[in-house]
Amino acid sequence: MAIVDVTVIPIGTESPSVSSYVAEVHHILKKYEEEGEIHFQLTPMNTIIEGELSTLLKVIQEIHESPFQKGIQRVATNIRIDDRRDKVSTMEGKLSSVQSKLNK
Amino acid sequence: MAIVDVTVIPIGTESPSVSSYVAEVHHILKKYEEEGEIHFQLTPMNTIIEGELSTLLKVIQEIHESPFQKGIQRVATNIRIDDRRDKVSTMEGKLSSVQSKLNK
Amino acid sequence: MAIVDVTVIPIGTESPSVSSYVAEVHHILKKYEEEGEIHFQLTPMNTIIEGELSTLLKVIQEIHESPFQKGIQRVATNIRIDDRRDKVSTMEGKLSSVQSKLNK
Amino acid sequence: MAIVDVTVIPIGTESPSVSSYVAEVHHILKKYEEEGEIHFQLTPMNTIIEGELSTLLKVIQEIHESPFQKGIQRVATNIRIDDRRDKVSTMEGKLSSVQSKLNK
């Protein structure tokens, strides 16, 4: 399992506000989560998604596509993949691993 | 005010685990937060920091520096800056702006 | 057609040098280029690849996979996608568009 | 010395074309290069800059600022820092290190 952290920026929006596009992304992620394929979390700066890497890349392609559906002509998507294979890595596990070191 | 989303990756660590470095980053951010200069939030993939851009760049330089203090010889830091000036932009405001669109 | 800009960072390498992993990535890209599926360019900081988005994501998954083949247990891959659909966007076209504005 | 790789995306531009903003960034970098503070290189996807980290962060703040001067209200800047201290790291050195491995 991998964890990715994604931002999708529509370019040429007239308005500086892009939250309606983020909401659309959220709907797509919700659908995949209900199907049990991913877990995700919205932060103030990005969307963090956990799942099999090939699933994640499929999901990323779909959310990258979504602003084009709304008439946008250019999209800049930024992805950080964190893929660890010596142990099961989850969003929760990563946070608690740091937390345990903070309490020492 | 700007919001940044930062990852600091120490290269050449022998172990794939880097959480002790993240904990150190957290201590630095705690200090700045207690001085009232920034707000920050740890997510499973990065650290999100809110503050004046010049302060944020100073803080980023300090957290980027921290793995070198522990003997690491190479650090890859990745920063996304989101800087909006038509209205006050905060971590909380960004999330609730998306949330309000989700409930429609 | 889209253009992506990718960095693949192996974590837990003992040495701060990662150029042998970059060379491996280069071999994979060479193969796809010879098959006419992509164009690519190596810069001092990343690899820039041009092609159909679905092809690019397939190629990215393969280059992300390559350090694991060499025994690495964790890989951090960073991807910027620039996808423009109002006109054909190529690596060459993007550079010359900026260049033409510089000479004014 | 560090090397950074930067993209500056103006948000709310009406047009999907942002090359005039990139040209402005280029003028700022030219000025710093003529003063001997940095070296830089324009690629189809980003700008790569080499120099002292504190100088680089100052330069990045200035190029991040430039779209606001032209009336843009929101800017998304993405920065990758590669900072290596066990040897002098330059843009040229990094490329030739990979190249030497390719020819084996």
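A, B, C and D are the chain letters, set down in written order, and residue numbers restart from 1 in every chain.
Here is the rule we go by: contacts are C-beta pairs under 8 Å (C-beta built on N, C-alpha and C of every residue); 3 or more make two chains touch, one makes a residue touch a chain.
Fair warning: this is a prediction, and the values are worked out from it, not measured in the lab.
Q: I need the common contact partners of subunit A and subunit C, sorted by label.
A: In this structure, the chains that contact subunit C and also subunit A are B, D.
Q: So which chain is farthest from subunit B, going by the mean of the CA atoms in each chain?
A: Comparing chain centres, C lies farthest from subunit B.
Q: If you tally contacting C-beta pairs, which comes out ahead, B-D or A-D? Let me know.
A: B-D
Q: For subunit A and subunit B, what's the span in angstrom between their mean Cα positions?
A: Once rounded, the distance between the two centres reads 17 Å.
Q: How many angstrom lie between the CA centroids of subunit A and subunit D, rounded to a whole number?
A: That gives a centre separation of 26 Å.
Q: When the C-alpha atoms of subunit B and subunit D are each averaged to a single point, how far apart are the two points in Å?
A: 20
Q: Touching two or more other chains, which residues of subunit A qualify?
A: 7, 16, 73-74, 76, 78, 80, 82, 84, 86 - these are the residues of subunit A that touch more than one other chain.
Q: In the complex formed with subunit C, which residues of subunit A make contact?
A: Of all residues in subunit A, those touching subunit C are 53-54, 57, 60-61, 64, 68, 73-86.
Q: Which of the residues in subunit C come into contact with subunit B in the complex?
A: Listed in rising order, the residues are 7, 9, 11-18, 72-74, 76, 78.
Q: In their shared complex, at which residues does subunit B touch subunit A?
A: 3-5, 7, 16-17, 19-20, 22-23, 26-27, 41-46, 48, 78, 80, 82, 84, 86, 90-92, 94-95, 97-98, 101-102
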